[in-house]
Amino acid sequence: MKEIASECLTKVRAEKPLIHHLTNWVTIYDCANIVKVFGASPVMAHAREEVAEMAGIASALVLNIGTLTSDFVQSMIIAAKSANKKGIPVVLDVCGAGATRFRDEKCFEILNQAKVSIIKGNSSEIARIAGESVSTKGVDASDVKRDLQEIARDLAAKKDCTVVITGKEDIVADEKRVVMVKNGHEMMANIVGTGCMAASVIGTFVAVEKDYVGASVAGLVCYEVAAELAAAKAAGPGSFKEMLFDAVFNLDAETVEKMMKIEEGLR
Amino acid sequence: MKEIASECLTKVRAEKPLIHHLTNWVTIYDCANIVKVFGASPVMAHAREEVAEMAGIASALVLNIGTLTSDFVQSMIIAAKSANKKGIPVVLDVCGAGATRFRDEKCFEILNQAKVSIIKGNSSEIARIAGESVSTKGVDASDVKRDLQEIARDLAAKKDCTVVITGKEDIVADEKRVVMVKNGHEMMANIVGTGCMAASVIGTFVAVEKDYVGASVAGLVCYEVAAELAAAKAAGPGSFKEMLFDAVFNLDAETVEKMMKIEEGLR
Amino acid sequence: MKEIASECLTKVRAEKPLIHHLTNWVTIYDCANIVKVFGASPVMAHAREEVAEMAGIASALVLNIGTLTSDFVQSMIIAAKSANKKGIPVVLDVCGAGATRFRDEKCFEILNQAKVSIIKGNSSEIARIAGESVSTKGVDASDVKRDLQEIARDLAAKKDCTVVITGKEDIVADEKRVVMVKNGHEMMANIVGTGCMAASVIGTFVAVEKDYVGASVAGLVCYEVAAELAAAKAAGPGSFKEMLFDAVFNLDAETVEKMMKIEEGLR
């Protein structure tokens, strides 16, 4: 797995995949821009009349329920079914699951009506989707008692998908494998958008690599290595975000390989 | 009142209150992020099915009509009633009041159907809500003839709330008190979002302090002291905004106390 | 035409025109902010109950279909008809035309129901609106076989308007004239929002100058000269965008005249 991050980065830049998003209105710019600075091509479109066609010309679909409405979720499901038909991966960021019943229900509705390839969230969001009775503080994680690796693997098995739990250390799991990504910097938690961007990065990387666990790890490693480089120079969260975009754009394979910190298998 | 700014800042960082927003699509990121860099926790949610529940887990509710629709205002009213029931403060930014009849009517509808704790706007927006026949240039203030302190106090008395008029000098008033905040920098007027962020900052501070006049003053002072620090180093409005987020994040109580410029009572 | 860029810049800053937008949710902040840093006054409003009145107090209307829905396009048409009645220019950014049938149809619907003064897009978007059978990769341009100058002039003649094709070199044309704008920097293509901002800049400049070809050229020159200055100092796309806002704000007429690179007439 040591070379997958740099290999995927090279592929993203060469293939410039089109990543279709239906995402929230808070971080929609950041989601588009992180895809762009990685060298790929973002498009945001949510009208029910066009989402199937747009997903049909894309290489991956990213769904994020951060500012969901019922209509918006209907468009998500239409887009996801189109993506399923075309065989492209669907990433679902269960943003705010565990904060309201409505969010939980809509996540389950999406998961029941379409095939999601990667479910991504923070610890309490994923725990809620996995059936634990936890609450999320708006869109910020709260404590989860059960072991997170176990939750990730169980949910992955149940939904036959890859599960990503972001946090101080990220967990990427399917039914058989678990990988911990230990890159990143605490400054990422001091600014809005880093979680949402992680889902867009995963979408960008699974667009070019069919091993979704590997591609998700690769995307997170590249993104978080860039974050480490940015945080080392930033004077605070404002300058950090600008430097993060610069660092992703300027990232080279050698640096990624040198700084990559992952751990395969269970702890 | 000298210590309230630094005391509230400390409380915000310790308590990390959840601030629920229904705001405009232009500055929604900035509103979320200013809350985050102050150390609190923003959440943006507007679906009518979830706003009551989300407001119910929050410590303050911020409403901003910048890109309003009828449906959106309906969700605002549901959220505000939930906030009223829970007893948490509701901030209303009457963004663009005085520009169209629709905006005026919707502001009055919100104010009639729910209890708003703090009404915030620029001079012509607040004057319009107070019943003056003035026009707002889109969302930018135009001249108001009547004395602004008087307008603020009268509106505060009529609606039994706190009124904040932002501008070169800010006015914070309830029926009995008026405080002028004289911090800030002219660069704030050269970039989109500083007005909207002010409302989010007020929401963050009234979430931790029941004296709403004091908390509003405290929030504005901290925010505008940070703006002064950022403007001193910025090369223009672009770098100013990033440095503003850095400055808020790095702000310390001592600096706030030293740089604070307020004036209590009438001029 | 040598002085038009600096003259228009001076007029924008003196007159501070109000620019009403109905635009997409991805770059809405950037569109508002670029207008602001040029010294003008942006307002974003899309409720069908207020768009006619808001357009009626504005000096130009900018429409961008980047994240369109049917309802949103209805509001655009109402706003455009109000702008037509008042005699203010309407700019239409045909963002993503050629990506889905829905986008094409909605562009034609707007163009048929209201008078658009300036149609703006990248090469494949404009080619599609001009009737060529090309596809757009989401919102990113794809190759067009027919000569772009010819496409621009034909579309301008057919719709009696000004046509702007942005790209490495921009084409500004009406039925009789073609001007190439050769300023700008490749870094503009590495970040989301530069295309959308170009439409907002054009809206800002046509608000103060009735020669729409001249004003569009003037706006693009000022914007792209600022981009060259920013790119010369930026470490990547993140810092580039902040420096672009700084550079626009600090731009002086002399620099514009010195750095301006345009070519009149056909190649």
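Labels A, B and C are assigned to the chains in the order they are written; within every chain, residues are numbered from 1.
What we mean here is this: a residue touches a chain if its C-beta (ideal position, glycine included) is under 8 Å from a C-beta of that chain, and two chains touch if they have at least 3 such contacts.
Source: prediction; values computed, not measured.
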Cα-superposition angle relating the copies subunit B and subunit A, to nearest 5°: 120
Copy pair subunit A, subunit C: interface residue numbering same or different (half cut): different
Interchain centroid distance [CA atoms averaged], subunit A/subunit C, Å: 33
Residues within subunit B bordering two or more other chains: 25, 29, 241-242
Subunit C-facing residues of subunit A, complex: 18, 20, 25, 28-29, 32-33, 36-37, 41-47, 49-50, 53-54, 57-58, 241-247, 249-250
Subunit A residues within the subunit B interface of the complex: 24-27, 29-30, 66-70, 96, 99-103, 135, 137-140, 190-193, 234-239, 241-242
